[in-house]
Amino acid sequence: MTIRFAVLGCGRIGKMHAEMLARQVPGASVTVVFDVVDAAAQSVGADIDARVATSLADAVSANDVDAVAICTSTDTHVDAMVAAAEAGKAVFCEKPISLDVAAVDRGLAAVAAAGVALQIGFNRRYDPSHKAVADAVKHGAVGDVHLVNIISRDPGPPPIEYVKVSGGMFNDMTIHDFDMARYVTNSEVVEVYAKGAVRVDPAIGEAGDIDTAVVVLTHADGTITTIDNSRRAAYGYDQRVEAFGSNGKASSDNTHQFNSVLATEQGYRRPPLENFFLERYAKSYLDQWDAFVAYVTAFAGDASVASPASGADGRAPLVIGKAALLSMNENRPVTIEEIHNAQQESNS
Amino acid sequence: MTIRFAVLGCGRIGKMHAEMLARQVPGASVTVVFDVVDAAAQSVGADIDARVATSLADAVSANDVDAVAICTSTDTHVDAMVAAAEAGKAVFCEKPISLDVAAVDRGLAAVAAAGVALQIGFNRRYDPSHKAVADAVKHGAVGDVHLVNIISRDPGPPPIEYVKVSGGMFNDMTIHDFDMARYVTNSEVVEVYAKGAVRVDPAIGEAGDIDTAVVVLTHADGTITTIDNSRRAAYGYDQRVEAFGSNGKASSDNTHQFNSVLATEQGYRRPPLENFFLERYAKSYLDQWDAFVAYVTAFAGDASVASPASGADGRAPLVIGKAALLSMNENRPVTIEEIHNAQQESNS
Amino acid sequence: MTIRFAVLGCGRIGKMHAEMLARQVPGASVTVVFDVVDAAAQSVGADIDARVATSLADAVSANDVDAVAICTSTDTHVDAMVAAAEAGKAVFCEKPISLDVAAVDRGLAAVAAAGVALQIGFNRRYDPSHKAVADAVKHGAVGDVHLVNIISRDPGPPPIEYVKVSGGMFNDMTIHDFDMARYVTNSEVVEVYAKGAVRVDPAIGEAGDIDTAVVVLTHADGTITTIDNSRRAAYGYDQRVEAFGSNGKASSDNTHQFNSVLATEQGYRRPPLENFFLERYAKSYLDQWDAFVAYVTAFAGDASVASPASGADGRAPLVIGKAALLSMNENRPVTIEEIHNAQQESNS
Amino acid sequence: MTIRFAVLGCGRIGKMHAEMLARQVPGASVTVVFDVVDAAAQSVGADIDARVATSLADAVSANDVDAVAICTSTDTHVDAMVAAAEAGKAVFCEKPISLDVAAVDRGLAAVAAAGVALQIGFNRRYDPSHKAVADAVKHGAVGDVHLVNIISRDPGPPPIEYVKVSGGMFNDMTIHDFDMARYVTNSEVVEVYAKGAVRVDPAIGEAGDIDTAVVVLTHADGTITTIDNSRRAAYGYDQRVEAFGSNGKASSDNTHQFNSVLATEQGYRRPPLENFFLERYAKSYLDQWDAFVAYVTAFAGDASVASPASGADGRAPLVIGKAALLSMNENRPVTIEEIHNAQQESNS
């Protein structure tokens, strides 16, 4: 059985997903694509032989569509999720679901009401190196986890125009690390302490954001996670996770541009790291789709089947990010409970 | 400008090349495919929207074809090469050109007479890690090269049926290492000493072949190369090249299945190596096509433009393989000159 | 010229220093040794052909002594320092100088008044791997430093009896990391946030201490340092420092028990780390003595000659440790200024 | 019980052994030292509080001596061995026993006749990294061994004066690798093929020696060993051993000058290798003495107790070296049997 997709959004990430689903994912095909910029949809549609929908609603409700991949801009995710859920389709949604927790809750409620499958696009969970760390924890090789270290440094900052609308570094970049901390430990975060700084580019500070951060997360089970972020690592895209516990540690290393060493009187030299996230995480995107296909196949309306990255997994990092921002601004540890209470007040 | 290909042979390797050319190689497209097993050609043709030719001759001579990719069985390479050359097409030919040196010479003569471009499929030349070793030599980082070590061990032996027809381990497996030795040093081999053994599987010995070998090559510039081969490395596909010289050494390392380490009281553990050559060398196949497109574009009838892997590069490893076989059988060093002289006698 | 030492304290660390000074440090010799347990002094004295003093005062004031190495128990360091300074001897003092900042100030005042040389035993500054990180920062290879990560995990906890009197993990173990943070960045710490936990052994908690900690230090120049501590790493003595900045990063790796790899179907296996601090840091202890000899030789009464680890370097980590303890107990960031102010109040 | 040594020869290596035995080897002490250059003996004797003998005979026959360490020049080893054996002392002899096989046989005959313990100074057997390779083979972790690779490159050539008298590179440098091949495989060498070259320094060639070599050894059990030698590796002292077999491989890696990495836009850089053999192999020399003490203690006149490096282990590499020299000179494989037959003829 093949899962037939409607792909919403044909920008860089939507195009990548559409091509993967059309050509590289067993059990998947793309029936229809949509983008508010019609030319983008036409180009991708022609490339992969998919129909171009004239509206998001048409794409989502088509009879020959089983699942919807939401790759549009963040502010439109929830509406698309609700539409897809109401049409009874399985839903894949790129992260973040939304920057607004209340909107997230609206989307998740629609999914729950419709009883459809939902998976959030935290692709790093499927990276073979990071996954091996999580698996080592899950299978007990690390023992009780005491400490987790996440180093996550980009090769270079995004354009200032993006910085201005991204929702801030915690929402745009650290969100992956918040998810990684929950994924690796399998324990909820209960407290956050964050320090941020502008060290890479003053223009980022002028745009109201930071480019360097350290975050300390305390988990419900007592594990302490440190996150170390920078918008610019001169030696490439630096992505490391280490889980330390009573039996030892599991850690993921980086991928160099190639595997060669030059040894001279000056020492031993290896090349810098891979630079681009689509290249570094290529396999994780493919494996994410395999996980979605397996999940949707197993789900079949049975909500007890766990999503590889559930709605709750999509919501938690947003709340952690809010706590981190408050912590940084007020230079004090902030509990998740405090954020939840504030959220409930603002909801009521 | 796009180079339009006819792909001859739609087996495992031909199918991979056809799909790459159709989808992943800028400046390339596939017009027509052919296979003596028509169903194989139909399947690939449908997959990539290419015409299926009814004969090799039709595929090669089509007006909308600029280049021919010869991916058929080894014994048919030369006839296809001659046909493509006579049709004035650029030629890409999988290695080995042929197991028969006289046949190789016939093919190369046709290419020379027609003045067409020719590139042999020594894909490992484009592997980023091995290429970095060759580049370090070329750019002088290693200084004068004194010693080269090539370790080339397969994860497991091929089926016995293949062993019986492959032309022997030196022709089928070590041929890549003979090419690597010439590629890295940029110096011709003048003498060969080979030791072979059956250590992996007695059935390989019963089929008349070996599964374990050490070969010592002496180059015209005095460099000595050692090659170490096994048909079965329990820990994966082991592919290492090291060039040592007056300024130091350049070496290529292996790729592990993923980049994680588990550290416990028992020590630090990394996963085994990647197991499958198509996976290990995936990028080299793509880069090989980029090199072909660049070469054919630059060539434009000008035979002074050097091929990334010329006809002479395709011929030399066959001769080295013959010397290795004679050396192993008679347990003595054998010069390339001795093989050439014997070849000339048999030709006359 | 040889610097003649009186070694005070002949326990594990004093014995090691006495033997090194007697046999392995060019420009050093040991004239006299002392220990309150006379048998310990007699044994070391016989071993290295040194006189055994009948009192600390006699050892410190001897005419054939140029320098005093204070390796006694922590609570006696300051009195010994004052006595040595008043006798006009160069002083080497094991860390920590004292757990009491007022006492430290009394010792440093005596050293300043006497105009003698003083070096504190922060041996890790001389570890070739950590030193290379500090040197890379100093020489600009890392650029402006943004983030420092220190991972410092012992192979196993000390005896509970020691835990009860050590002054707590921050004073006994993390003190090295506080010093490392200042040494690598060359910037004072201005704020501390600490999380501690009992994860390794409940008995440590019952003794009033912690065994697991994360500390975030903010430096005057904006650098943020994270420290990750555990009393027990199953895979050995884990000691890593990483300094990240605008030009890249410098990091120190661990030493394995030996340099071998076993590769099988189960993967690649290296041995665990070296387990014992005297073995792991053996070279740092020797290089520390070379640095002391060079410093004392250059000093010659000229207080402008900088100590490799000055009295101020000995004092600062104690203050940071107090801030860390307060931060942990009250779960809030604590400034160094707050500790200084409290210290001044209690002094007045 | 302490084994009391007479140390013969107080040059660089003898001095090192005398100091180790006097200070660092449990169960060992040095009673007497001797050197034909009396000043050398006086200096070492004073340093370690040992008596200086007026003749080799006196040193060897002293009543308060249990074992003799022969560290004199190679041409005097056998006479010293005979004298020590006849005096009933346990014998440690630096390698090579002699460059003359007949002389070796005379020494071994004296040892056998006296029934004393004998250990040859192949210190690399005790290097923890190489030993781990041999142990992995011995304990079956590698399975049946098929191939062994030994890379052994010095950081720089010895003085030409030494080259002229060393007996040639095979006797002076490769001898360690011949021993390593036997030690790791535990199988005798039956055939040798050697290629040599002068690539590092023409003056070495003018002195009648080579500085670059590849040697292929065939063992009795079918294992093939390759040895790769150079007198000068720009990046330091390169010492690697790899044993490959049916279950995988065990390999020893090099030690860098320190364990740090600098990562910048130019890549990841580690320091060069340790440069000096006494530093690189320091631990192996100590462990060699521990092995000698254990062996002599267990021996106690019982010749069935195996030496960690027996007289036969000292003899075999000399014969392999002769085969290598003949092979190189005549460019053909040479059997060990051929050398033995020639030796017997010349003896008769």
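A, B, C and D label the chains in the order they appear, each numbered from 1.
Just so we're on the same page, a contact is a pair of C-beta atoms (placed from the backbone, for glycine too) under 8 Å apart; a residue touches a chain by one contact, two chains touch by 3 or more.
All values derive from a computational prediction rather than experimental measurement.
Of all the chains, the one whose CA centre sits at the greatest distance from that of chain B is C. Listed candidates were A-B, A-C or B-C; the one reproducing the B-D interface, defined as more than half of contact pairs identical by residue number, is A-C.
Chain A and chain C have Cα centroids lying 43 Å from one another. With centres taken as mean Cα positions, chain D sits 58 Å from chain A.
If you average the Cα atoms of chain C and of chain D, the two centres end up 41 Å apart. Multi-chain contact residues of chain C, defined as those touching 2 or more other chains: 234-235, 247-249, 263-265, 271.
Every residue of chain C that touches chain A in the complex is listed here, in rising order: 143-144, 146-147, 149, 151, 153, 193, 195, 197, 199-200, 212, 214, 216, 218, 222, 224, 226, 228, 230, 232-235, 244, 246-249, 331-333.
Taken in their complex, chain B has these residues touching chain C: 234-235, 256, 263-272.
Of all residues in chain B, those touching chain A in their complex are 23, 128-133, 136, 141-142, 247-255, 257-265, 271.
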